[in-house]
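Written out below as structure tokens is the structure these notes cover.
Should a chain be cited, it is by its letter among A, B and C, assigned in written order, with residues numbered from 1 in that chain.
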Amino acid sequence: MSEIVLRAEGVGKRFGGFTALSGVDLEVRAGERLGLIGPNGSGKSTFTNCLAGAFPSHDGAFTFKGQKLAGLKSHERARRGLARTFQLPRPFRGMTVIDNIRVPLAYAGRDAATDERAMECLESVELAAKANRMPKELTQVELRRLELARATALKPELLIADEAMAGLSHAEVDQILALLFRLNEAGTTIIMIEHVMRAVTEFSQRLAVLVAGKKVADGEPRAVLSMPEVEEAYLGR
Amino acid sequence: MDPDLALLLNGIVSGLLLGGLYAAAAAGLSVSFGMLDVVNIAHPAFMVLASLLVALLWAATGLDPLLLSLLLTPAFWALGAAIYVVYHHFFERRGDEAIQGLAFFFGIMFIIEVALVMTVGPDQHFADASYANITWRLGEIDLPLRMLVPAALAFAAIGALALFLRRTFTGRAIAAVAQDRDALRLLAIDPVRIKRLAFGISIAMAALAGGALVVVQPVDAWSGHIFIGRVFAVVIMGGLSSLGGCVLAALAFGVVENVTASFYGPSWSPAVAFGCLLLVLAFRPQGLFGRAA
Amino acid sequence: MSDTALPALPSPAPRRMGHGSFWIVTIIIGLLVALALRGLGSEYGYFAATFVLQYIVLATAWNILGGYAGYVNFGAAAFFAAGAYTTVAMGKALGLSLLPCIALAALVGGALGFGTGILTLRLRGAYFAIATLCLSVVLQTLVVNWDYVGGSRGAYVLRPREVPWPFDGYSGLLCTVMVAMAAASVAISRTIQKSRLGLGLTALRDDEAAAEAAGVPTLKLKLIATSISGAMMAAAGAPLPYLGSYVEPNTAFGMAYAVNAIAMPLIGGMGTWSGPLIGAVLLASLQQAATVTISSAANLMIVGVVLVGFVCLAPHGIVGLFRGRR
């Protein structure tokens, strides 16, 4: 079995009196496709933000490629190969599509921020034809692809795809899924956070389930989905 | 009484009265900046505009300045509503509020000030109320009516505004627009209409504050500048959208400024007050009386 | 579909002038301007040119923070005055002449800018703008209460009698120094815009969290931007005492500087190196003309009206108009 690329131990986060996340342990192996699911407000985004460094102070610890992440800012984590996309696409609206890709290449890329390299990234998400457009001229699914291209320009070891398919059509979901599969084949470990169940089950080799800030299940997808507590969280109440 | 103590007590009392004036100036901004999220940096300029209009009208008619400012409020309400329409049309609707919107109000402020200089001149103007020279005394403590009456008017106006916001349907809609614009849409209330109304109210409050200001001190076209920092300080320290917090912060601000002025000289008071705001901004951006986000 | 028609590489790069050649062109233009003014040799010409040039520096400096990084600084006057008062204090304490004073002013402005940059840690948008306004008032209060530099009465600064060789008088020297500073600031601004730093600043202007996620060290870049911008604004203010032989807090901290510093980049077009240059030349010349022909209050009115008009009708400035709607 391949080595462990990410280890979360006892990760928790409180906002005032509200506990959004508590005692979450998680291990992700290199090259793995992990689905992280849970109802709204179950702590998936909080977990992502803690991992990506957007919330500097939280309980517990992350170990990424054998190194503790505590104290590292978001951009330092990005440079170490930990990339994320945002739930709602957040392109740099004041610059062209290709400049959007130049930013990670210039600041965190493993190789020079050349036009060729930026175009390669855009080609990988089939946006090359729109390189000189502004983000506001893109469709929703194109914005998602741009978001993915910007994250993968970092050549990450681990990519957290945060609801990359929300609101997309059936065909568009397939596009993004194909993209993510391709990335994974190229060696990127992927944590997919998703509500589109079809996509998660098709994509994930393993599922982890968060409910009310706690991890309630972790294992082979079909087995996890048939667990009573998972069914209850999704269907009950 | 120990003279230092008397000085301190007097400093605190007149600081509280000064705080009443600041509360009047800041209450309007608390509506526009705090509730509507419109960064109206020109608010003090509207106040000064009202001050100078009151001074001119007073010289012409001899009516009480505070009464005159009350009479000006409908005109200022209309002015505010009109400006909001322009602001909404060019900035809010386009989602360009941030820099362009700030610059818009910065420009409005500048236009008002320069227009005042060109029409009434750069000199100081004043309006004497009939009670301007009366001072009530409570032992060692002076209560000049020149300060007390404007403060009383300010508190009455803020009280009325607070009642309006809490008790009437429209008032509650204004409070709601601060929380969530979409909620209003669901209730089939046009948020733009509500915001226009509320922005008009905030400018009408500036008219009242201007009347109070010109009773308290002589005013010139540029008098608003020193108030920009003050009113924003008060509104931010008060926790943005809370009128109660705004009044408390205004009183605290008035006292700090006035006590500094009594002990170290008036030229230091702005630095102390603005220093407070800088500290608040740096360490507690949600305000002294606001809740953490 | 897009695989079949692979487009040619987008090529703004080859057309783009390199940093080195841009600097050379700027230096040549600067020299030509200086020579032309020397040829004109009129005292008023020098004065008017210095007025315009000082605004080129101020607007360009403001744009580095406000235009590139999107942080609105209402306290431009404070930085400008910090430069002016550095000249007064250093001239008095150490008897330094103009050039070393400009260098020191840049240091002071840079330090002040760094301090302002710390504020960006917690403050975004309007809050940052208001904080800079407060900073301006605090600084003005300090200067008003600082007797060494004249307090509220102001300070007189005597122009040296001796003027080195190529110059025909102190006004000419001041003006030439201003030409050099304006040329340098435009070149610096353009170099930043076209570099990695400019790309990172634009990214954080558009979305700070997304910029961090893309590996941009936002805090560091903001500190660099505030420091450079502050240093340049203070340098622009350093010659002010010599310009009128007298400074007092109300003029040095005057609102006109703060408004112009915002209005000029906005009118020209924010976020590009050429915007503030175009805006400063247009607006400052207009004001200079209005001061002479109408009145000094009228020239300020023009700034206000032009600012509001542009912000409403052409929010991306003159540069934006030429680029068309994007």
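Throughout what follows, a contact is a pair of C-beta atoms (placed from the backbone, for glycine too) under 8 Å apart; a residue touches a chain by one contact, two chains touch by 3 or more.
These numbers were taken from a predicted model, which means no experiment stands behind them.
Legend note: the chain whose CA centroid lies nearest the centroid of all displayed protein CA atoms is C.
In terms of the distance between Cα centroids, chain A is separated most widely from B. Computed centre separation for the pair chain A/chain C is 42 angstrom, with centres defined by C-alpha atoms.
If you average the Cα atoms of chain B and of chain C, the two centres end up 32 Å apart. One inter-chain figure worth recording: chain A and chain B are separated by 47 Å, centre to centre, where each centre is the mean of the chain's CA atoms. Within the complex, the chain C residues that touch chain A are 2-3, 5-7, 9-11, 13, 196, 199-200, 202-203, 205-207, 209-219, 271, 326. Contacts from chain B toward chain C in the complex involve residues 33, 39, 41, 86, 90, 94, 96, 98-100, 102-104, 106-108, 110-111, 113-115, 117-118, 222, 225-226, 228-229, 232-233, 236, 267-268, 270-271, 274-275, 277-278, 281-283, 285.
Those residues of chain C that touch chain B in the complex are listed here as 66, 70, 72, 74, 119, 122-123, 125-127, 129-131, 133-135, 137-138, 140-142, 144-145, 152, 255, 259, 262-263, 266, 270, 295, 297-298, 300-301, 303-305, 307-308, 311-313, 315.
Residue ranges of chain A in contact with chain C, taken from their complex: 52-54, 73-76, 78-79, 83-84, 86, 90-96, 98-99, 102-104, 106-109, 113, 115-116, 119, 123, 126-129, 131-132, 134, 150-151, 153-154.
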